[in-house]
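Read through the structures below before going on.
Here chain A shows up in two complexes: once beside chain B, once beside chain C.
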Partner chain A sequence: MPQSQVKMDVRKVTPQASVIDIEGDVTAFSENVLMDAYTDASSDGANSIILNFSNLDYMNSSGIGLLVTLLIRAQRQGQSLLAYGLSDHYRQIFELTRLNEAISCYAGEADAVAAASNGR
Partner chain B sequence: MKQIRHLWQSWRRREDSDARPQASLRSQVVMLDLDIVPNDPLVLYFQTSPGVVDVERLEIDSPVLDSLRAAGVKLVVPLVSQGELIGMINLGPRLSEQDYSTDDRKLLSDLATQAAPAVRVAQLARQQQAEARERERMEQELRVARLIQQTLLPHELPNLPGYEIATYYRPAREVGGDFYDFLYFEDGQVGLIIGDVTDKGVPAALVMATTRTLLRAAAERMTYPSPVLERVNELLYPDIPQRMFVTCLYALLDPASGRLRYANAGHDLPYRRHSSGVDELRATGMPLGLMPGMKYEEKEVILSKGDLVLFHSDGLVEAHNSAGDMFGFPRLQETMGQQPGDDTSSVIEFLLGELASFAGDDWEQEDDVTLVSLRRGVTKEVDKEPQVDERPAVESRNRDLWQRDWQVIAEFELPSEPGNERKAMEEVANRVQDMEISATRMEKLKTAVAEATMNAMEHGNKYRAEIPVHIQVMTVDGALGVRITDRGASQPIPEAELPDLEAKLAGMQSPRGWGLFLIENMVDELNVLTDDVHHTVELIMHLQKEGE
Partner chain C sequence: MDERQDEIWAKPVARMTVSELPVGATNLNVEGRQPVSPLQGFGALWQKTYRLRLRGEDVTPAQVMAVWKEKFPQFQPKGNRFYPPVGGVRSGEIIFIESTVSAWPGRLPGIPISSGVRVIYNDDECFTIMTPQGFPESGWNSFSTFEEDGETWVQVQSMARAADPIYEFGFRFMGGARFQEETWQHVVKAVAAHFGVHDEPVQVIRSCIDPGFQWREIRNVWQNAMIRSMFYMPVRLVRKVLRR
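And then the complex of A and B:
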């Protein structure tokens, strides 16, 4: 399956924040899709990118590596990354890898958008 | 087709007939070999019309007749014995240049009648001598084959405290290629081998000797039965004569734990008798020497006290009685279950008794019969202290592991293709869904299986689709185990540095490299086992964890 099993849609939720709705797998094969979505989400000068993991099927270590790469790019752009909709399992993996310290995790979209608006 | 070699005698006149008769006319005997096919019309004619035959007057369309004429033969006197043409006396023209007289013909005819049986007797005598020489040669071959065989079979049984081993070997008259062998390892494990070479006599004995040597050499270098058979198959394949092959079962017993690991190259399945019955020890694999690149399934069982395993060759199950019935596997299985005795030699005696009553007194043994029985004793083991299972080629963080009575509940393989770790994960989840494992722990197991499979496909098998990743799912009370094996023993996964997010964000570490870290944190135990060929990651998960 060397093509990606993922779909990512970008939504502008506030002038400063965009949501990337992730549907499917986050693996090494998701790289192009994720980076395109990120570029798209940043195009209007959004300083907060919110990753919606509600429809995540599967994420592996390569996918985590990908998020780290994304995080590096976002930090260089002075953007913050936020996330919501993670299952318990993946939330635990975020904690293990301490990704949760760099990507703030929220229960739902409203919380994430509010946090983004507060300039977090 | 039988071809008749026959006498060719003729008196011929020399060319220079002008010289004085005494000097110029000489009798000359010419022997000529003619290939005569049995259905040549001339042969039929000779057989049905004995007596002197005038070649020139004969009107038969026969290649033999043409040859006779061309050679200048005038008269043929067939030698017929018991209706069979066994020779011919062929005569050229008389030296006097006159025709053969009636007296001449009568004389020749009488001569033929006298000579034919004598010639026949001479032919038979010669044939018998040839047969005797052939028999002698075969007897000699048989002796050589027996000698090879007997020299190579073990002369002593393993002395294993807590176990009883017995063997029985009875070659058929025409020695077959059965063999068995015991191997002893420094760590206390004992290898048991039983095999059968197709074909008989010296060729089979030689192939058996070669196979035995290859097995011993491979077993010395490799820890597990499956790679040993793989290696021997690779070495044997180019050298073994066409249409010959070797069936062979290799089992490795760890006496301390009773664990018996085994792999099978097309040999008859051993039977295990335990408290709840008699079952077959199955493991799939093609015979050795048939095809290159074969893989051998490896299985393991734990022998409890009182359990008995019988290894056997096809000579027993394929024995026929006078009615043409075969002894057969069901009868063997049933007989093993019925045997009342308590020690191994009695199981063999019991089976042989059953065979004798099945086959009858006039049984003609068609093939070698080989039996090896192994039984874990019920009496208190004379063993001084529990042996620590130290496998030199195994680096395991938890040596207890090998003492566990794992039961394999599923086993499958996946080609090393990107993305197949998901299949591995789903397959394992499928196989364990009925177990009492919490959803959280199930998710962790899935992630660990996926990561380990990905490592196996990427680092071990270099994403070569034709090299599969082998996955075993096992249980033991209260725990689940998954073994993920690749063939990258020579390239161990480099001990990854502990991934550190800050270092990664600062560009001091690759953003990747989370796999092993994840696995370690997902399962309760992680063990790495390697042999010459394989690299196995063993994931162990307790079904319930306190505080959950």
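And then the complex of A and C:
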């Protein structure tokens, strides 16, 4: 099985919100890393999970599928999923796949954290 | 950023438009329809994976994928007609589909259904299609090849929900899910057979990502391609008679 080419770190930015910093490639092989990061991000009862794509190198259609799985998991836990740091290219892919209708995208961390604090 | 990414992914569109219709295809339930993701469907969300190893065959994933794209319609089971774009499988293009859906397989005759899907991702080892409103499923299908432990695999992976309550009922209780699974197993077996692999089993992995219904999407039934194709049947018959 090919190895995952991604690293994900979790930061607690407010009592209600955690950021997952994504570095590398998001593909089918990232599933365990992403779900482990999500579990870690949710462990303190965060109701908003913010994905930081600033250091994303590459994402394919399987990676998009993983984000759908993550989104459903978060929704079932009553959490909202937000994102920032997407390049224009990946913003366009969020639009193409209509992920942008369920995952709110922001320019930077401050905006995403503010939105999370406002319950968006 | 890899510059090829712009060619690999399709551009977003609000609605599908048909510029060139392949010979034999019907532009029904395609033009003007919004492409839909697994987030817009009604039924339970399933990810289903069908994979088969090309045991002992010395072919690369890219070689297999090139053949798969070229002969895509030939690998479909009887009754499923796919019309790929004139220029081949490319991101942003539409693959037209003519299929038959039976409300009760084996007991009731099939209803012809016409629609099409949009290619949203296309690289040397994978392409992904996205369905339009009215299609039985709301979501994506990825057709891919990859290498694992020194051998090439072929794989179909779907991530989709039934688009509306009628389709959900059909998938659950009228044999629709079984028909769909048989279809994709047939496809991976046909690709393998093309490369001389005949006895490998298909691995099927089913994962229900969301068992719930999205009741807010119940109005999708208005776009149901099966019902609309059924109403179109008299037009189809008249055209057939006039062509004679």
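In this text, the second predicted complex is superposed on the first by the 119 of 120 C-alpha atoms of A that agree within 3 Å, B and C clash if a C-alpha of one lies under 4 Å from a C-alpha of the other, contacts with A are read in each partner's own complex, and residues count from 1 in each chain.
The criterion applied here is as follows: contacts are C-beta pairs under 8 Å (C-beta built on N, C-alpha and C of every residue); 3 or more make two chains touch, one makes a residue touch a chain.
From a predicted model like this one, the values you see are computed outputs, not experimental measurements.
When the shared chain is aligned, chain C comes close enough to touch A:76, but chain B does not.
In the overlay built on the shared chain, the residue A:93 is in contact with chain B and with chain C.
Of the two partner chains placed by superposition, A:32 touches none, neither chain B nor chain C. In the superposed model, A:101 lies in contact with both chain B and chain C. After overlaying the two complexes on the shared chain, residue contacts for A:62 are found with chain B and with chain C alike. Residues 1-2, 58, 60-62, 64-65, 68-69, 71-72, 87, 89, 93, 96-99, 101-102 of chain A lie in contact with chain B in one complex and with chain C in the other. Of all the residues in chain A, the ones that touch chain C in their complex are 1-2, 58, 60-62, 64-65, 68-69, 71-72, 76, 87, 89, 92-93, 95-99, 101-102. For chain B in complex with chain A, the residues that touch the partner chain are 418-419, 421-422, 425, 440, 443-444, 447, 450-451, 454, 499, 501, 504-505, 507, 510-515, 517-518, 521.
On the side of chain C, the complex with chain A involves touching residues 1-2, 5-6, 9-12, 35-40, 45, 47, 120-121, 123, 126, 128, 130, 140, 142, 144, 146, 148, 157, 159, 209-210.
Looking at the complex, you find that chain A touches chain B at residues 1-2, 5, 25, 27-29, 58, 60-62, 64-66, 68-69, 71-72, 75, 87-89, 93, 96-99, 101-102.
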